[in-house]
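Two complexes come next, and they have one chain in common, subunit A, joined by subunit B in the first and subunit C in the second.
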Partner chain A sequence: MERVQLSARQLFMLAILFEHGSAIVIPLGVDAKQDVWLAILCGMALGSLLFLVYYRLFTYYPTVPFTSYSQQIVGTFFGKGIALVYVLYFLYIAARVLRDFGELLLTFAYPETPLFVLNAVMMLTIMYAAYKGIEVLARAGELFFAFLYLIAVLGFVLVIVVGVIDIHRLQPVLEEGWKRVFKVVFTQTLYVPFGEMIVFTMLFPYVNERKKVKIAGWLAIWLSGINLALTMAMNIAVIGADAVSRSTFPLLNTIQEIRIANFLERLDVLFMIALVIGGFFKISVFFYAGVIGAADLFQIKEHQRLIYPLGLAVLLLSIAIANNFAEHIKEGLNIVTIYMHIPLQVVIPVLLLIIAAIRNRHM
Partner chain B sequence: MLFQWKVSKRKNTINEQSGQAQTVPSGEIDNRLDANIETIRRTTGNSTDVVIRRFMLGKEKNIQAAIIFLSGIVDESMIYQFLLESVVQIDFPSSCLPNEALLYVEQKIAAAGKMRRMKQWNHLFLSLMSGETLLFVDGVSEALSIDTKGGEHRAIEEPSTQLAIRGPREGFTESLGTNIAMIRRRIKNPNLWVEAITIGEVTQTNVSLMYIKGIANDEIVEEVRTRLRRIHIDAILESGYIEQLIEDQTFTTFPTIYHTERPDIVAANLLEGRIAILVEGTPFVLVAPAVFIQFFQAVEDYYARFDIATALRLLRVLIFFLSLIAPALYIALTTFHQEMIPTQLVIAIAAQRESVPFPAFVEALMMEVTFEILREAGVRLPRAIGQAVSIVGALVIGQAAVEAGIVSSTMVIIVSITAIASFATPSFAIAISARLIRFLLMFLATLFGLYGIMIGVIFMTLHLCSLRSFGVPYMSPLAPLIPTNIGDTLFRFPIWALKERPRLINETNMIRQGKQQRPMPPNESKKEGDDH
Partner chain C sequence: MTIKRWCLFLVVLLIHITILSGCWSKNELTDLAFVIAVGLDKTEDGKYVETFQVVNPGNVAGATQRGGGSGGIPVTLYTATGDNLVEASRKGSKKISRLVYYAHTNLVVIGEELAKEGIMDVFDAIERNPQFRTTATVVVARKQTAEELLSVLTPIDKIPASQIIKTLQMTEKIWGENLDVHAGEIIEALSLTGKEVVMSSFRLEGNKNTGKQQKNVQSIEPYAKLHADELAVFKKGKLIGWISGEDARGVLWVLNKIRQTALSVDWEQKKEAVVYKVMRAKTKVIAQMNKGTPVISVFIEAEGDVGETLVPFDLTNPTQIAKLEEKIEKEIQKEVQKAIQRVQQEKSDIFGFGEVIHRSYPDEWKQMKKTWNERYFPRLQVKVKVDAFVRRTGLRNKSYLK
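On to the complex of A and B.
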């Protein structure tokens, strides 16, 4: 473990950037049609319960990361197995998000540039961030948080001022009842992005104000949930549910609707900024968690040593993960959710918590 | 083995460089005057500025004595009018011994301030070289060193960098004593402490450390002290030497130590708990620890009213980013993202670029390099020729290049804006680092367009966040965010709202003003008083 300290505020801002990450630009949970904002809010509510599980685990073992206390809970052998699975999971998700990011960039602005080059440039930046450590990443997060919020507010105000919002596009609410909403919640929005907070179990021990961890995490989940719901609702109100569900970047289509006085138009750059900064923080947090998890598991004192091999592995994995974007998305929705997100974000943490609670019942 | 060999070799080279250790005679002085004078002559190689004036002391004028000084760095009128005259005119008792004569001189002369008895040659030579006058008496194995420092100095003038419309007009000079006095005059407090250190084996440069005891963080003071003491080098000719030898990280384009020519800036920084390092022979005083935002704070921000100061400060941050990314943005937009430019503008740019035979990157690089050449030429040229260069430059960078179809006129506008922007940053140190990064960003923009610029900016931000200046995070109080200090960063809150000193720099003595410093009209303040 690095000997650094994060404040609760830094954790909060890092979590916000992480949650927004790629979720804000992709069509998140659009299967719920115009009720997508409800699906996100429900996902957020359940996600904060899930976060409570992660937090309770942390309160039992406040000084070590997840990969260490898994060994204390179920014994060295099984614990190491679980830790290894999680390290691989974090790195795999880092590679997945990197692929998402590269593909989005490719279709959005760089049709001629090879995917590998785009991903490699991003990965280099992320490796540099991981090399500098979580403290530097958190500080950069504070700066970009302010910057991103400024841009987001600007975008919102512009969309409202332009008058392209049509509230009727959000109606009818609950057209097909709660069933469709909850189907989306339990197959998509609960896990991405809210369940992904599991990765922060690797970062909690760095926080110097332990009592504020819970509220910081919750605030981050709530605020980002509300922001995401608002953004998706805005997308639907501007371009309609059908267009949103067919679009690759609903946010981009919304931003392109902004036209003021033949001057302020084509603000695609705002979208680009959100995409790159969000993608950077999301992949960085996953990658860093994977790296320190591996360092912790294999007892390597300087996590920096692992950055080059693991960074290269993530980069190559991001290319080899799927033959094309469609396959990649399909894998993400069908396979990753069932075989990775549900067991690793929900089942194992809950089981670990039960065992930990039994073991520590005399505390 | 190899390592040890290296170390011993290095030691040798330092000894060879440090001329003093080799040629200055070790040990104490002789009691014969002639021998001593001979030693001084030999050691200084008969240098012509060493003045040796022999005379006789005592009632019967039977004791040989001599004063020795370096002309030019002493106050000669003082030596001749007061020192020499009063030494000769002292009313010595009859038949006094040489030893008593020296004692008499030491006690009776009131003309000079500081006076010390010395025996060691190395001390004597150091005094002589720094402008003191030595008095030798035949038959005494001790000499008197009298402080007669003086000589020609540049007068206090208006500083040539960091000009201000409102604010004091005096700037530091090359004289250490004058500089310390200028700060003292601003902070009349016994807690303003000055420590002297001599650095430089050959140059023996005087360096002073200044801080306010009780406000400055003792740990940082100690850190600065150890870093200064660690310096083992032949020469310190400017504060830049020290800056480079004590900064936290060398491999960065960003300055982690602040330097200034203005005493009011140094005073303000001392009051915030920072430490000033004054170096003899240069008007530039170092201030540490420095944070990033400090380089955007012009001194006038604090003298002007807060709303104007805030607006100007935001403008400066904008200017910094403009000077960083303007050419890169031009390259990215014209090569990769034409769709992001409004249609009419993109047509206009395309029409101009029709005749330009180069890609945007080459075009931008050519103009940027041209500008850098002009600037570099302008800095060092004599003023008379400088005029000619600026006329030629205006033609080259302006119309001729466009008419010849080498660059587009949009590019000229971009380069001009960048150039002006890079001059508008209040600190030259940060503007020059922006210039370097600008070229990097241009290169990234050529390869990856906007994505490249953003990657570059993220890289730069990570780098900035990883920097520290004497342990203080460089981006504080923005990152890590310190809400109580945010009032003096991108904004400048009213003076009465800036209640605390920077939190990471000093940790104990935080409050800098009383409660309710906000000015209130008499009626309101009375009401307030009734409430309490």
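On to the complex of A and C.
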């Protein structure tokens, strides 16, 4: 384990950037049509319960990451198995988000650049960040947090000022009832992005203010949940539920509607910045968690030594993962949710918590 | 540092030079053809004809410096034919020496024949292309092809596409019989069952052949002129009718698009004697259910001044003003009711009343949705309530007429 320290504030900012990550630019939970903001808020509420599970596990074992205490809870053999699965899961999700990022940039801004080049450039940056360690990443996070918020506020104000928002587009609320909303909550918004906070179980031991971990995590989940819900509601109020559900990037379409006095227009660059910053932090956190998890599991003292092989693996995996964008998205929504998110974000942590609670009561 | 590290450092720097410059697919300004307007038509054998109005950058800049007119022509027109828009656009490269670049396309013109056949499939390419903006204005070329409408030189705004867009925006703002509709709004209307497409048309008047030449802008009265024409009413993506004059303005009232306009009311036996200038207006549309049948209420609020009186009229008297306000309210109400009836005859819900019902009564809407345009909309009961306020009377109160 690295000997570094994060403050609760850094954890909060890192979690915010992580949660916004790609979620703010992709059509998150749009199957709920105009009720998507409700689906996000419900996902947020349930996500903060899930976070409580991760936090309780941390309070039992405050000095070691998830991959270590899984071994303490269910024994070395099964614990190592679980740890390995999680390491692979983090690296796989890092590859998925990297692919997302590359595809998004490719569709919109760099149609003639090969995917591999974009992904490789991004991955090199991320590998460098991971090499420097979590403390550097967290400090960069503090900088970019302010920057991203400035852009977000600017974007919001501009969209409101331009007057392209039509609140009526959000009606009828609950057209198909709560069923459609909860279907989206339990198949999408709970896991991405809120359940993905599981990756922070690898980072909690670095935080020097242990008492503040819970509140920092919760605040991050709530703030990002509200922001995401607001953003999706804004997208719908500007371009309509139908266009949002057909769009590859609803936020981009919304930003393109900004036209002020024939000179302040084409603000797509705001969208690009949000995409790159969010993508960078999301992939970095996953990748870093995967790397230190592997280092922890295989007892390697310097995690830096794993960065090149694992980075290369993530990069190649991100290319090999799917033949086209549709396949990639479909896999993400169906297979990954059922076979990875649900067991790894919900089932295993809850089981581990139950066992840990029983064990620690007897101890 | 050792020599080995220095070498490594240099290699990294060199890699950065290639990566950071970001010139993977660079396009120099001189390699791009800026398409300012796109015209769409169909040939007899069902192929698309795409017309590009391409800016001639040198001549635009030169024209403003020299005071206009003396240089070359500010835009050039190209056409290309293909089975679909992407094919036509790419085939255009046979005639244009530069890359056809759509990021500055602000206008899409649809030929009347194509509009009648249906515009359902032309917007997909526009929506899908990352260069193209859905904020581009869309108009129908009235009684001609899009190509003909785009092949005319205009005197005041050198670029014909700008002339069309600016005219449309200005007339929508101060007169209110035409609509500046964006591609995004059209796509939304095409995707909703409770709303149909409506957009403005433009017409070319005069000598088409002279209109193409520099001569057109060297005459005090151009040989060929562009002007905004009637509103085109679509149903399921097909052009089915035209709405003009006061009916068109009535449509804009309902759509909450009126910002300023002028209307006249009768006063003491004299027809159209007092002119009211609307300076601000706001419309709200609300749906209600009355024993299972939908009722739409349109609330209009207008604020404005007196612009002209053709009869002796004491505007210092508030009771007279109140009387005038009442007359104005009736006039607007009449205009709007007439427009609604006119549109109901076309059986196409361009007002989006269906969407208003959908939003307030989603369950009831499910039953009405399928036969909305045929059964419900033509017989829909629409209540119009107008509140008009006369705020000021200009620089005079009483008229010099006695």
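Quick notes on this one:
Going forward, the second predicted complex is superposed on the first by the 361 of 363 C-alpha atoms of A that agree within 3 Å, B and C clash if a C-alpha of one lies under 4 Å from a C-alpha of the other, contacts with A are read in each partner's own complex, and residues count from 1 in each chain.
In the analysis below, a residue touches a chain if its C-beta (ideal position, glycine included) is under 8 Å from a C-beta of that chain, and two chains touch if they have at least 3 such contacts.
Nothing here was measured: the structure is a model prediction, and the numbers come from that model.
By the touch criterion stated above, A:Glu142 is placed in contact with subunit B alone, subunit C being left untouched. Of the two partner chains placed by the overlay, subunit B and subunit C both lie in contact with A:Tyr110.
The partner of subunit A that touches more of its residues, comparing subunit B with subunit C, is B.
In the superposed model, A:Val121 makes contact with both subunit B and subunit C. Once chain A of one complex is fitted onto chain A of the other, the partner contacts of A:His168 are limited to subunit C, with no touch recorded for subunit B. Touch criterion met: A:Glu257 reaches subunit C, while subunit B stays clear of it. Contacts of A:Glu302 after superposition on the shared chain: neither subunit B nor subunit C is touched.
Subunit A residues 109-110, 113, 121, 265-266 lie at the interface with subunit B in one structure and with subunit C in the other.
Those residues of subunit B whose C-beta lies close enough to touch subunit A in the complex are 336-337, 339-342, 448-452, 454-455, 458-459, 461-462, 465-466, 473, 475, 478-481. For subunit A in complex with subunit B, the residues that touch the partner chain are 7, 9-10, 105, 109-110, 113, 118, 121-122, 125, 128-129, 132, 136-144, 262-263, 265-266, 268-269, 272-273, 276-277, 280. Contact residues of subunit A toward subunit C in the complex are 107-113, 117, 121, 168, 171-172, 175, 239-240, 242-243, 253, 256-257, 259, 265-266. Those residues of subunit C whose C-beta lies close enough to touch subunit A in the complex are 19, 24-25, 103, 130, 133-135, 184, 187-188, 191-192, 356, 358-362.
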